[in-house]
Amino acid sequence: MILVSWILIVLMIGLAVLSIELKNLIAAVVAMGAVSLIISLLFLLLQAPDVAMAEASIGAALTMAIYIIGVRETERSEK
Amino acid sequence: MIRKIVYAIFAAIIVIALVMFFAAYPFGANKMAVGTYYLNHGVAQTGAANIVTSVVLDYRGFDTLGEVSVLFAAAAGVAILFFMLGIGKKERENLTKPNFVVRVGSRIIFPFILLFGTYIFVHGHLTPGGGFQGGSIIASGFLLLYLSYPGTRVNRGGLSIIEGLAGLTFVVLGLWGLFTPTDSFLYNFLPKGLFNTLVSAGILPIIYIAIGFKVASEFAGIVDDMMCEVICRGGEK
Amino acid sequence: MSVLNWIYIAMVSVAVILSVVRMIKGPDITDRVVALDVFTTITVALFVFFAMIFDRYIYIDVALVYGLLSFIGVLVIARFIERGF
Amino acid sequence: MIYYVGSFLLIAIGLYAVIVKKNLIKILIGLNLIASGVNLLIISVGYIKGGTAPIFSRAGLNAKMMVDPIPQALTLTAIVIDASELALAVAFVVLLYRHYKTLDIKKIRSLKW
Amino acid sequence: MIIRLIVGYFLLYFGALFLLLGAFGLIRLPDLYTRMQAATKSTTLGAFSSVLGVGILHPGWFVKCVVVALFILLTAPIGSSALMRAAYKTGVPFDERTVVNKGEEFFDEQKKEEAK
C-alpha cells in the first residue's frame, strides 16, 4: 500500500505544479480536478471514506463548474 | 528579484515550522485522546453505527449548526453579488445547443442522481456519507440539468422555502432538547432503536436529512445564480 | 492471493501514470480532458478494488459517487469549449 | 510519512501561487491547493497503522482497530465550506473583472477609486 | 468455489489489461480522435469487467458492483460524445494520415436541417 501512496503523491505534486504553471486557465482547472481526484483516492487509503465521498461529490463536478463559469466570464488565458 | 527571494524565504519558514511541529507526531502512531472515548462510548450513547456521524451531529452538533449558517451566508453572498450589483452585462451570444445524446442521456441519469443523493443522506448514520455529501450530489444533478437543457430555471421561491424549513427543523430539534430533563441543546431525546438498522440513532437521521435538503438547495441556488449570470441575463443591456 | 492483487495494482498504476503523462504532455485542452476522463474511469475500478482489499463493503459507495458524477465535469468543459453555455 | 511530505509540498505550492502569481484565478487555485493540503494533513494525522474506518457496519469490528474519527469530522465540514467560499470568491472576481477589465492584481491595486 | 475464484480473477485481469491498453493508446496514438477512440471504449470495458470481477469474488457485494458497472456504462458515452463534438466544432486538427472524414458530411447535413 505504501508504494501506491508514493506513486499517487508524486503524481499529485506534479499535477499541482502543472495547475499553477499552465498559461491556459481551462487546462489549469482540469489539472486541479485531477488533483482533487487523487486526494480523494488518498483519503480512501487513509481509511476516511466519509471525507473521500465529500471530496468526490464536491470536486467531481461543482468545483470545476464554478471555476469554469468564472473563467468564461473573464479571460481564457493568463498573460 | 529580491522580492521573490523574500517570498521564498517566507514560504520556507512556514514549511520548516510545520515540519518541526509534526516531527513530534509521527505518522501512523496512536495519538488519540478524545477519539478513544468516542469510539468506546459512541455506539452506546448515540446509537449510530458511523462514529463520524455521531461526532458531527451529536458531540459537535452545535459546530455543525454554525457551519450550515456559514454555507447560507456564502450562498446569500453569491446571490446578492450577482443580482443586486450585476454591472456591465455582455451582449447575448449565439450558443450551441446540446446534442441528442446529452439531452436524452441526462434525462435518464437525472432521476438516478436524485435517488442516489437521497440514499446517501438517508443512510448517513449507517454508511459513509450524509447530508453534506448527498446534498452536493443532488446539486450536481441540477448542474447537469442546466448543462443539458439551457434555459431551465429552478423555482427560487421553492428552494428558499425548502432551505428555511430544513434550517427550522434543525433548530427546533435542538431547542426541543432544552425541554427534556437533561436540559441541553441538541439532546438526543428520541429512542435509539435497534442498532445498525435504518430507523435508529434517535434524532440523528432526521437532522442529517434536514442538512441534506439545506445543502442541496443552497448549492442549487449557487449553481442557478452562476449559470443564469451566463445564460439568462445575457440579453439585457 | 495477495500476489495476484499486487500484480493487478501494478498494472492499474501503470495505466494511471500513463494517463497523467498525457495530461502533462497534452498539447491541447481536449487532450487533457480526455486524460481526465480516462483517469476517472480507472479510479472507479481502483476504488472498488481497494474496497475488496480492505474488506469493507461500505467503501463501494465512494466508487458509486464517482461513477455517477465524473462525466459532469467532462460535460462542463465540453459545453464550454463549443460555446454552449 | 510520505503523506506529511505530500501535504507540506501542496501547502508550499499553494503559498507560492498565492504570493507570486498575478492572475486572480491562479490565486484562487492556489488557495484551493492550500485547503486540500491542510485537509490531507489533518486526515493523515488521524491515521493509525493497520486501522480501519470508524464505522461499525458489520460484526467483528472493535474500537481498538479504528482510526481517529475527530479529524474526519472536522475535515468533512471544511470541504463543503471550501466549495461555497470558492463560489463567493469567483463572484467577486467576476465583478472585479467587469469593473476593471483585467484580472491582473497589480493593475487592480494601482487603480484606486 | 474454485471456479468462482478463477472467473473473478479472470474478469479482474481482463479489465486491468484493457485499462492498460486504453492508457497506452492514450500515449501512443497520433491525434485526438484516435486517442479518444482508445480512451473511452477500452477503459469503459476495462472498468466494467474489473468491477464485475470484484462482484464475483465477493458474492455478497454482487448487486452493488453491478450497479456501479451499469452507471459506468450509462454515463461514459455522454461525456465523451459531447467532448468529441466540441473538439470537431472547434477544429482540433486531424492527423495527416487520416483517410476518411465522415464527420464532414454529418455536420453539414445537420447544419442544413437546423437552417430549415
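Quick notes
Every chain is named by a letter (A, B, C, D and E) in the order it is written, and numbering of its residues begins at 1.
Everything below uses one rule, namely that a contact is a pair of C-beta atoms (placed from the backbone, for glycine too) under 8 Å apart; a residue touches a chain by one contact, two chains touch by 3 or more.
Computed from a predicted structure; not experimentally measured.
Path length between chain C and chain D in the touching-chain graph (shortest route): 1.
Between A-C and B-E, more contacting C-beta pairs join the chains of A-C.
Distance from each chain's C-alpha mean to the overall C-alpha mean is smallest for A. Computed from the mean C-alpha positions, the centre of chain C lies at a distance of 12 Å from the centre of chain E. Each chain gets a centre from the mean of its Cα atoms; for chain D and chain E, those two points are 32 Å apart. Centre-to-centre, using mean CA coordinates, chain A is 19 Å away from chain B.
Looking at chain B, one finds that residues 50, 52, 96, 98, 102, 109, 112, 120, 127-130, 132-133, 136-137, 140, 143-144, 219, 222, 226-227, 229-230 touch two or more other chains. Among the residues of chain D, those in touch with two or more other chains are 3, 16, 44, 46-47, 52-53, 55, 57, 72, 76, 79-80, 83, 87, 90, 94.
Counting partners per residue, chain E has 71, 75, 78, 82, 85, 89 as the residues that reach two or more other chains. Inter-chain contacts, as defined above, occur between A-B, A-C, A-D, B-C, B-D, B-E, C-D, C-E.
Across the interface of their complex, chain B is touched by residues 49-50, 52-54, 56-58, 60-62, 65-66, 69, 72-73 of chain A. Those residues of chain E whose C-beta lies close enough to touch chain B in the complex are 71, 74-75, 77-78, 81-82, 85, 89. Those residues of chain E that touch chain C in the shared complex are 9, 12-13, 15-17, 19-20, 22-24, 26-27, 32, 35-36, 39-40, 43-44, 46-47, 50-51, 54, 57-58, 60-61, 64-65, 67-68, 71-72, 75-76, 78-80, 82-83, 85-87, 89-90, 92.
Interface of chain D with chain B (complex): residues 1, 3-4, 8, 11-12, 15-16, 19-20, 41, 44-49, 53-57, 63, 66, 68-70, 72-73, 76-77, 79-81, 83-85, 87-88, 90-92, 94-95, 98-99. Across the complex, chain C meets chain E through its residues 4, 7-8, 11-12, 14-16, 18-19, 21-22, 28, 30-31, 33-35, 37-38, 41-42, 44-45, 48-49, 51-52, 57, 60, 63-64, 67-68, 70-72, 74-75, 77-79, 81-82, 84.
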